[in-house]
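First subunit A sits with subunit B, and in the next complex the same chain sits with subunit C.
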Partner chain A sequence: MSAIYSLYIINKSGGLIFYKDYGSKGRMDTNDSLRVASLWHSMHAISQQLSPTTGCTGIELLEADTFDLHCFQSLTGTKFFVVCEPGTQNMEALLKVVYELYTDYVLKNPFYEMEMPIRCELFDINLTQAIQKDRVVLLGR
Partner chain B sequence: MQFFGGSEISPSPPTPAATGAGNNAHMIYLFNRNGVCLLYREWNRPLHTLNPQQDHKLMFGLLFSLKSLAAKMDPTSADKGNLGVPQLPGQGCSFHSFRTNTYKLSFMETPSGIKFILVTNPRTGDLRETLKYIYNLYVEYVAKNPLYSPGTPIR
Partner chain C sequence: MIGAGKIKQYANILEKPLGKGKQEVSLSAFAFLFSELVQYNQTQVDNISELETRLEDAGYAVGARVLELLCHREKGNRRETRLLGILSFVHSTVWKVLFGKVADSLEKGTEHEDEYMISEKELLVNKFISIPKDMGTFHCGAFVAGIVRGVLDNAGFPAVVTAHFVPVEGQQRPRTTILIKFAEEVGTSPNSLASNIPSLTKVWYCKEKQGWVDYHAWVSLEFSCRATAGREAVNFSWLVGLMEISMLCIILYSTVVSDMFVDESVGKSQIADPKPFPTLVFATAIGAISL
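After this line comes the complex of A and B, so read on.
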């Protein structure tokens, strides 16, 4: 039983470039995942408008009844978010690890076009390894 | 919040869990199910991005969409409605709070469609009990007030 349900990466215009499902009952088809990603992108932007103080960089954590959603935004505007079980720890660290993998295996790939869907084998392999490692650590507690 | 004499209001206000000295809350909004803002109070809001009408509309719109998103993204239910279809209060999974680096927004919706929103500093804990308490105050003093007409801002 993994604590992570799914992982999304969206580019700076809000388009979905990567989606991986790790075992939720509500598996989404491509269209739905695209819609959800753009919706999240807009919500993230609107939340910055509603901040009572200056310097808001958008939603970092959304808590719902049955899941938590952690979001990490890089300096370039690429957003990484993960849907997990409520109360899962260390998701921020996991998102930073995913960001590092993204820079190593996607951005440094000379055949990868910016803002396009990610189709890099090494990225997938290493991402699965990172999630597995995380899973072992979580279950081991 | 004023506590007028009688003990018919229950539960008693929960003690905030060590959230620092001084005023914790930035703003509070109350909406009914049609999007009419019934109450808006601010205690600490250095930045105003929009005029009040637009601000209320934006807040309501954000919450409506986030609720729809949460229902759609719910990983534990297999059958979900389409995005954008209005969810009945209580149907499907709903979010109860979100946090950014500058504020934390806590949300509660009652079965009658009244939405309570509290914007506080990011270190605040779970405010669901506080929102329930505010709801009880609302029931006591607003809903039971014979001179109050539903759908109009609270005075």
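After this line comes the complex of A and C, so read on.
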């Protein structure tokens, strides 16, 4: 049972730098995932302008019939968003964990170029562990 | 702040005691600094082996300083003169101070007598680094290999030190091994002596028979011995012979000649007073001749 469908990380200019799907429901081919990323980037930016309240920092949660989309934006403009089953709990905490893994295993890697796609082994390993832990917690409830 | 004691302010920085300093530094700060070191060196070189060499050289500088610092702080100004001693010093003390824990294991190589290995599950410097596939066998642990080489070289055990990944079955990430291959002048037995001990220290040690052995003479001889050891052009062995003979002369002079000048009637306190002037001149003359 996988509550998470897919995880995206986009850089500050809207390019997709990391994409991972969990299960067949989240699966998308490369082009589609790139389109979703840039689409989300633009929507996020527009929503900031459209918001009736002041000080809005963009969409944090999008709820639809068949999925939920949780988004976390760091102070530098890098966005982490996860597409999951409707009603999944603790996605914000998970996104914060992913952000921490990003700062550790991607930004401290001397072979990573900023704003480029993430190709770091340690990041993948630790991300899988974090998601597994999260799934165990979810199943346990 | 609750519980903070009043910090004693010193009027002059020279009066502050030389403490151990901060024991801990932020890991993230180090990781970023090291990452920047690697990135900077990448822009300066053309290929991977040059990059490894540069990292090793950076580590060598650290190793030389760490040896001096730890000999003073941890070991009370004593030095390791045996091979096994220096290896366990590196394996436990150096690792403990630099990385917060002793190294996982120290092994003697089975194929070659002069090879030793320090292994570690994951080097601290590599904690956040993922090597891309196209860099092949590059290892950022070359920095740590440089540190070990710096310590060993300056302790008198020249060696070639390299870092390798060793795949372990059942584990996704390979172990890291620091391979130490000693140079020929270092013997292969664990009891081999360091190569930079002046031979005079081995044979004559300043037995302080009060007033008979002159400290000044000893010091000036030791300095001339070390100075000559640094010059490769000079034929060292006959000079050592000269040193030993001159040392023997000095000892004899101090014992025999000074004897003549001791006034028996004055008493013990007079005997204890060394006679620096004549022996100092004598020793400086010997030192100057040898140089």
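Before moving on, here are some points about what is shown:
Convention: the second predicted complex is superposed on the first by the 139 of 141 C-alpha atoms of A that agree within 3 Å, B and C clash if a C-alpha of one lies under 4 Å from a C-alpha of the other, contacts with A are read in each partner's own complex, and residues count from 1 in each chain.
Throughout what follows, a residue touches a chain if its C-beta (ideal position, glycine included) is under 8 Å from a C-beta of that chain, and two chains touch if they have at least 3 such contacts.
What you are looking at is a predicted structure, and each value in this text was computed from that prediction instead of being measured.
For the composite obtained by overlaying on subunit A, subunit B and subunit C can both be accommodated side by side without a clash.
Once the two complexes are laid over each other on the shared chain, residue contacts for A:Asp29 go to neither subunit B nor subunit C.
In the superposition on chain A, contact is made by A:Leu122 with subunit C only, not with subunit B. Looking at the superposed arrangement, the partner reaching more residues of subunit A, out of subunit B and subunit C, is B. On the chain A superposition, the C-alpha centres give an angle at subunit A of 160° between subunit B and subunit C, rounded to a multiple of 10. Once the two complexes are laid over each other on the shared chain, residue contacts for A:Asn109 go to subunit C alone; subunit B is not touched.
Minimum Cα separation between subunit B and subunit C in the superposed model: 31 Å. Touched by subunit B in one complex and by subunit C in the other is not one residue of subunit A.
Taken in their complex, subunit B has these residues touching subunit A: 26-27, 42, 44-47, 49-50, 55, 58-59, 61-62, 65-66, 68-70, 72-78, 80, 83, 93-103, 105, 119. Residues 104-105, 108-111, 119-123, 125 of subunit A are the ones that touch subunit C when the two sit in their complex. For subunit C in complex with subunit A, the residues that touch the partner chain are 28, 31-32, 34-39, 42, 128-132, 135, 140, 172-173. Residues of subunit A that touch subunit B in their complex: 5-6, 24-26, 28, 32, 35-36, 39-40, 42-43, 46-67, 69, 83.
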